[in-house]
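Sharing a structure with you now.
Going in written order, the chains are labelled A, B, C, D and E, and every chain counts its residues from 1.
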Amino acid sequence: MPGALQLLWLVPALPLAGFVANGLLALRRPPAPPAPPARRAVSIIGVGVLLAALALSVAIVLAFQRAGAAGPLVFPYWEWLPVGDLHVTVALELDQLSAVMLLVVTGVSSLIHLFSVGYMGEDPGYARYFAYLNLFVFFMLVLVLGASFPVMFVGWEGVGLCSYLLIGFWFNERINADAGKKAFLVNRIGDVGFLVAMLLIFAHMGSLDFQPVFAQAPKLLAPGGAAITAITLFLFLGCTGKSAQIPLYTWLPDAMQGPTPVSALIHAATMVTAGVYLVARCNVLYALAPVASAVVAGIGALTAFFAATIALKQWDIKRVLAYSTVSQLGYMFLGVGSGAYAAGIFHLVTHAFFKALLFLGSGSVIHALHRAYHATHSHEDAQDMRNMGGLARHLPWTSKLMWVATLALAGIPPFAGFFSKDAILSAAFSLGDVHPLWYVYWLLGLLAALLTAFYMTRLMLYTFHGPNRTGERESAHLHEGPWVMTGPLVVLGALSVAGGALNVPALFRGHAWLEHWLEPVTAVATRLRPAIEVPLGTEWTLVIAAVAVAALGIFAALRLLRPEELVPARLAPAERGFARLLWKKWYVDEIYDFLLVRPLVWLSREVLWKTIDLGLIDGAGVNGAARLSQVLGWVGSRLQTGQLGFYVVLFVGGVLAVLWTAVR
Amino acid sequence: MTLTQIVFWTFSALAVLGAAMCITRRSPVASALWLVQTLFALAALFVVLDAQFVAVLQVLVYAGAIMVLFLFVIMLLNLGRPGPSDLKGPVGLAVATLLGGLLFFQLLRGATPSAAGTPAGDTMAQLQQEQGIVGAVARPLFSQYLIPFEITSVLLLAAIVGAVVLAKRKL
Amino acid sequence: MYARWVLTALLAWPAVAAAAILIAPPRWAKHLGFAASLIEFAISVPLWWTFVPSGGMQFVCDAPWIQVPLFETGAPWSIRYSVGVDGISLFMVLLTTLLVPLSVLGSYSYITTRERAYYALLLVLTSGMIGVFVALDLFLFYVMWEVMLIPMYFIIGVWGGENRLYAAIKFFIYTMFGSLLMLVAILVLVYLVGQRTGVFSFDYFHLMRNLGGLGPLAFWLFAAFFLAFAIKVPMFPFHTWLPDAHVEAPTAGSVILAGILLKMGTYGFLRFAMPFFPAVALAPPVATGVVVLSLVGILYGGLVAMVQPDFKKLIAYSSVAHLGFVMLGIWALTLQSVQGALLVMINHGISTGALFFLVGMIYERRHSRLIAAYGGIARVVPLFAAILTFVSLSSIGLPGTNGFVGEFLVLVGAFRTHPVAAGIAATGVIVAAAYLLWALQRVIFNPLDKPENEKLLDLTPRELAVLLPLVACIVWIGVYPKPILDRMEPAARQFIESVRPPGPTATALAP
Amino acid sequence: MILDLSSSRDLLLALLPELVLTGWSLVLLLVVAWRHRTVGDLRLTGWVTLAALGSTAAAVWWLWWHTARAAPGPVPVMVAVDDFRFVTDWLFLGAAALTVLLSFDYLEREELLVPEYHVLIVFATLGMMLMGGGEDLMVIFLGLELLSVAVYVLAGINRESASGAEAAFKYFLLGAFASGFLLYGIALVYGATGTTGLRAIGAQIGAGGGGGGGTMLAIGLALLLIGFGFKIAAVPFHTWAPDVYDGSPTPVTAYMASGVKAAAFAALFRVLGEAFPAVAAWHQIVWWLAVATMVVGNLIALAQRTVKRMLAYSSVAHAGYLLVAVAAGPEPGSAAFLFYLVAYTLMTLGAFALLAAKGRHGERDVLIDDLAGLATRHPWLAFALAVCMLSLLGFPGTAGFIGKWYILAAATSAGQGVLATVLVLTSVISAGYYLPVIMAMYMKPEPFAEAHVGMRLGRLGYAVVMVSVAGLLFFGVRPNRLLDLAHTGGVGVQPAPGVPPAAPAVTAAHARTAR
Amino acid sequence: MLLGPSLGVSAVLFALGVAGVLLRRNAIVIFMCVELMLNAANLAFVALAQSLGVAGQIFVFFVMAVAAAEAAVGLAIILAIYRHKQTVDLQNINLLKG
């Protein structure tokens, strides 16, 4: 085996080392504004380990390709949980799928680390920030490289932890801390699904390693049976948590409380796609469970549409992007649910590019606004689009690059998003023959595409065009960030444009490189669940419909929206009617709060604790028994009247009782 | 009914009457005197029951010594004069009657001669014929029952010491 | 030589040292206490290497103690000083010897009055705890079981918080209530076995060999054992002494309570209650009841913990939840679940111990345990916050920390025999995250809005010295638990076989 | 050594301890007659008393060492010659000696210059010895009366104290009343069996085919149990105990709680074991008495605020525990009883000694809370009291635990599982009043600076406490010798009329070689 | 033989004695009632001794001694309590209670 492959362990180890180093730096006192040398050290460590990891990854993937291994390469390191017939080994696995993820993760991460150097430069928690970010990359790499479910679960929960830490990075704001906690908790709900799925897998197949499980599954589990359906559905529950699908999507918009690069990295490009990765990784299992696959696709489609509606009426630039992310993740699930695993992964990759770009762009915008407000000591919301407008003049690079990303997201050819989205929609449509439900999914996807084009155009219009609403004095301070920030934008922009080339379908005389690359991984699934060929004409119709819908969305937005009529956020009137419903996100958070959170807290506090614990068990039971004893004792001591006459009566009573017992 | 029986029942009646009066008289002195009647009646019963020596002792020790001591103390404490009754009220009476009655019936169940043990050897009457009235009691008292007898002496000594300790004006 | 005397040395040394502390000058007390407990730890460490992971009792030391001439049979009741460890008790002993020096060190600034008595009691307590874990004679076990009650009672009652008297007496009476019934059961057991065999012995193995066929009496005997252990665990609904005792105890008391004393209950189930009465323990109503109570413990403990205003109380209720996992693991009776339960026992000792240390440290600074008294302090005490976060994460079972390893094994094992229960138990991890993260948020995150918190001092080197060993253990067990698992596996296997002899029903056990 | 009780030499030998003690009582009386005015006189009588008790113990030891046994013969045996008697004798003598030691300072402090006090103690001890050794209901009855008469007076020995007088008064009146029942019971037993000798009664009942005597015997036995039940303060015949214990001078209370109760139990064991093993009726009665005594004693003790009354009720509760030993049958029970009594005597005496040190004028007003902060002021005294309390509670490491455990073992081996359960459950209740004492001493601050200034324990008082605590701790860890002794003692009251008289001797010799 | 009637009478007397104790409040009278109980027992002893042998009569002898001893001590105690309370009424003697 080529030498580079043996260094696979180093890929996650590098960020881990970065975490340790930066973590120790972060714990130095006093934490407040770090001196420039210290900051430089942090940057070098934080970015350096990532760049090294990226370089190593590239080398490894190249080596892997050269090796031309048909199957995955598994690198066991040490036995983790050897108990009886359970053998969990800490092992990494490299196959075509994880190679793709490896590159995406290290690549996007490197760019975003770089961007962060500029974006977070003046933050007092600079070292801590990089420590967390490095830790995140470590866990993400464990997630994508893990060779078994438990090892993957380490990464799975680990990235959730980092997400928690980074969302609540500015922990002294209650809203940030709340958002972090919410993210963790909602993720945990999903994680339980993952956990239970592991239990089921082990119970049915006696192993938790990917290779044996996937190899055995078709033999051991009846296709469409209860067991496989349960396993896949529980796995998918995990995915809904991590990848923000209905019903567990609510944490993701709140997660925007974290620093914007974090949103780009974790909440757009990498972590949230872990669910998609998981389904793709378990493609064999899903191929065996058509019902579960349909559920995956259905939830995906529904989420895609639902989240898009909410995005229509958000004012916070990052929230629009967040709902857009939720929506796009829905697409990916629609893809993998439809059996188009490669398409799902393809969309994952392209989405990573353009959504990271969008977030970083918005970060650039926010950074600019923030600095402007900071310079004039205003306390306006730097993320509200109503405070923006006309920024294209001040941030030309950002504006242009974001337009690229928008078009990619909207699915306008030839940008990356067009190819991936189209592949998903046609995969869904093709299944309409199996069951008409898939047509509904397709339709939902199409509608979501329309809405996507609309809200993205709206975002661009309100942010970069029309009059500037930032303020007279502030607008003088608006300008582009340093090169470390714009540099990554440019790279991502290029990828957003060219990313589609990864998998140009045969329709466009492409070679569907990614699909073929992933074939070793999806081979079994494809055999189990062959793709349905769609007539060429239909395919073209679908493409045209999708593009038309996207164009319609952009056109409608351009025609209907009036950026010049907007007023700054603090002067804006409250939303009314349906707009308010959308603005309030269909009141889902409030409904959850009312139906689940509050009753649970009330139940715990008033019923379980105060009534049952303190009242019944402790009060009536324990202390009650003690008090009863004391009362009985007191009553008894009252009988000890000191009156001899009474004692005699007791005595004779006792005598009679004894005599009666003696001769009954 | 033989003469013995007549005598027995007569004195039994007297004894019970005395006891009943003893516990119901208001004045302690009256109670004491009624008790003396009971003790005398018992002495008579002892005679009927072949315990002449004990009967004599009964008169001497009980009626003669102990009851005098009682009367002496009653007088000393000046309790002889009529005062409020020390009898308990109707509730007390009811309780006493009830419990006393129940106890009586319980004891009566036990005190049935049919359950009594088989005579070990000679009856009292035979012993007295053989050894005389005093001898029949005295012989075993100083042989077989010597140890209890000696204990009695210590007991009386202890009682004397105790009485002195408690009652002496100045130690 | 070492093998023969080590356990006796572990038992005797703290008692001797305690006596020495009592007569030494008061200002030496804490240093002497620390030195003594370190030596105790040093004595115990070689156990780790010399222990042969092949099952069976090791380091056995056995000597006659009391011969009670009884009764009509003429055969004396024999009570022996008999000690030994196997893969189950080994780790309990090591956990004890590890936590005690840390507790002593953690008490340096907390305890300011009657120091000699305090450290002496702590050492006596050590003796008692070790004794419980190594005793192989039921009489000795019972004596040790009760003996450790007194030092704990004093530690809570003398150096505790405001409501300490109530907590101390509640702790004492609660425990005694259960254990005295157990005493009766032990006696009945010895008598019955003695009648059958002619040997009236409290010896563990003698009883084990000759039990069986007790008939309906077995149920009552089991019930007595069960009550004693369930109170100690504590299982719902016998848990209400715990919050009070934990909250009122001084830091070291809480640490030892949570870290070790609670394990005595589960240890009792593993060592005595279940192997003695397998038929009763596995009878469907009993087994179902225990599993249900464990689940109630997991969820109920977590939910109640969530709404506690007092941090220590929160941790106390979280213990109820953690020990629920242990009980579930024990009753599930598969190799994974039993080893998982053992690991959870160890982990809970480490993580919860560390949590109590942390709360104690912050309490020393601010004299409040109320969560509401804090907020945002991560900014002023970053080191404290980092360690608190880390330990909390271990407590909620984040993979990569020790907490996950144990809970995961329990769930994997339990799923084979009680799938629904395991599924429900899995949701406990959500609740765990809910209560700890919420508390974490309110303590170290959120706005730093209390002026008195702005001047808090971060951890001192001494406090770090207390915490870092625990942190190291958290990582170590989380990442590489194999050495521990290897050592406990034969014992766990033996336990399972003693409860459910290998046969057709034991397929789930197949290696 | 086999003593032929029909020869007067051997009879005197068999009665050697009693004779020695009686002789000393006469000596004491003479001493008192001449010297009864000063503190020095009091001390003198005290030392003489100790000498008397010591020499009596030596006499007992002499008999025990020679394994004295009575030869079977036609002569009805009045006093048993067996290990049970010897062990109980030591117990009574030890309790008396500790009481006397405790009394030196107490009498001086309370200005009770009554040297007759010691005479009465000697008489009471003699009465106890007769109760423990009596082989005939007559002897037991007379011993009981001798004991009672002396203790009635001891209770009221402080003539200045109204509560002392009331204690004596109540004790006496109820005691005489109870004696009436006991006597009537003896009469009925005599009627049913034709004899008053214990072994003879047993033989008679055995010969009568078990049902012999029927109702008369049952009623008689019941009345006997009532009489003893009064002396041991079994509920519902316990009502005198709290009041009398409360009102008496504290050393006397200690003596009553330990010695007097022990004597009554010893007699009860002998009566039940030798005379009535074949009668089933008493099992149920004792069962109920035990349960009632444990429950009521412990519950009411829980409601007490003064230490003395608390200890009084606790003594009632302990009578209940001992009744469990009785219910377990004389065979295992008597051994358990003997051991427990040693422990109980030590812990009771220790506790009362410390109470005597703390209080003044009868100690009736010492609240449990008055002990607050004692540990800081007098750490050793507090430690001693804590040990006593833990031992009373039956905590491992103390003799109280071994004792309780032995009783439990006896009960379980007799199939009295329920009784054992009640015992332990009521023990849990007892923690509710023993622990507050410890709690007050260690966990509560001194109420004011001079709270414990007056507390002083004389040298001899210290000796008592030290002996008690040392004994409690020692026997808590190494009870072996004492257990053997208790066992050989318990053999004495085994119901074995058919067993050849040599058998017990062999057992005892065997036991001795084992030592 | 008058055993049955004698035992009956003794039971009556004993019960009367107990009833007296229950009924009265004067300490001396109560003590007299106790004496009555002892005498009832004596009657039983004597009656039984008639057929069972001399032991019963000897017992009566001892009981008399006991009664004398008790009377001596008891009356002294009653004197003592009278000195403190100026009464021998049970109702007023309740310093010790609870």
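Simple rule for what comes next: a residue touches a chain if its C-beta (ideal position, glycine included) is under 8 Å from a C-beta of that chain, and two chains touch if they have at least 3 such contacts.
Treat the numbers as computed from the prediction; the structure is a model and nothing was measured.
Visitor: What is the set of chains touching both subunit A and subunit B?
Guide: Chains in contact with subunit A as well as subunit B: D, E.
Visitor: Within the chain touch network, how many edges lie on the shortest path between subunit B and subunit D?
Guide: Step count on the best path from subunit B to subunit D: 1.
Visitor: More C-beta contacts across A-E or across A-C?
Guide: A-C
Visitor: Farthest chain from subunit C, comparing Cα centres?
Guide: Greatest centre separation from subunit C goes to chain B.
Visitor: Counting only C-alpha atoms to place each centre, which chain is farthest from subunit D?
Guide: Of all chains, A has its centre farthest from that of subunit D.
Visitor: Pick the chain whose C-alpha centre of mass, unweighted, sits closest to the average of all protein C-alpha coordinates shown.
Guide: C
Visitor: Averaged over CA atoms, how far is the centre of subunit C from the centre of subunit D? Could you give it in whole Å?
Guide: Roughly 43 Å separates the two chain centres.
Visitor: Between subunit A and subunit D, what distance separates the C-alpha centroids? Give it in angstrom.
Guide: For subunit A versus subunit D, the centre distance works out to 79 Å.
Visitor: Provide the C-alpha centroid distance between subunit D and subunit E, rounded to the nearest whole angstrom.
Guide: The computed centroid separation for subunit D versus subunit E comes out at 26 Å.
Visitor: Between subunit B and subunit C, what is the separation of their C-alpha centroids in Å?
Guide: 70
Visitor: Hey, what residues on subunit D touch two or more of the other chains?
Guide: Those would be 138, 142, 145, 149, 152-153, 156, 159, 168, 170, 173, 177, 181, 184, 188, 191, 194-195, 215, 218-219, 242-243, 304, 432.
Visitor: Can you tell me which residues of subunit E touch two or more of the remaining chains?
Guide: As it turns out, subunit E has residues touching two or more other chains at 7, 10, 14, 17-18, 21-22, 25, 31, 44, 48, 52-53, 55, 58, 62, 66, 69-70, 73, 76-78, 80, 93, 95-98.
Visitor: Two-or-more-chain contact residues of subunit B, please, as numbers and ranges.
Guide: Touching at least two other chains: 88, 92, 95, 99, 103, 106-107, 109-112, 116-117, 119-120, 145, 148, 152, 155, 158-159, 162-163, 166.
Visitor: Among the chains present, which pairs are found to touch?
Guide: Every pair of chains meeting the touch criterion: A-B, A-C, A-D, A-E, B-D, B-E, C-D, D-E.
Visitor: What does subunit D use to touch subunit A in their complex?
Guide: 170, 173-174, 177-178, 181, 215, 218-219, 221-223, 225-226, 229-230, 235-237, 239-240, 242-243, 281-282, 284-285, 288-289, 296, 299-304, 429, 432
Visitor: Could you please specify the touching residues of subunit B with respect to subunit D in the complex?
Guide: Its residues touching subunit D are 106-107, 109-112, 115-120, 144-145, 147-148, 151-152, 154-155, 157-159, 161-166, 171.
Visitor: In the complex of these two chains, what residues of subunit A are touching subunit B?
Guide: Touch residues, subunit A against subunit B: 645, 649, 652-653, 655-656, 659-660, 663.
Visitor: Show which residues of subunit D lie in contact with subunit B when the two form their complex.
Guide: Per the touch definition, subunit D meets subunit B at residues 15, 22, 25, 29, 36, 75-76, 78-79, 113-114, 116-117, 119-120, 123, 126-127, 130, 136, 138-139, 142-143, 145-146, 149-150, 152-153, 156-157, 159, 168, 184, 188, 191-195, 204, 212-220.
Visitor: Inside the complex, what are the residues of subunit A that reach subunit D?
Guide: Those residues of subunit A that touch subunit D are 626, 629-630, 632-634, 636-637, 640, 642, 644, 646-648, 650-651, 653-655, 657-659, 661-663.
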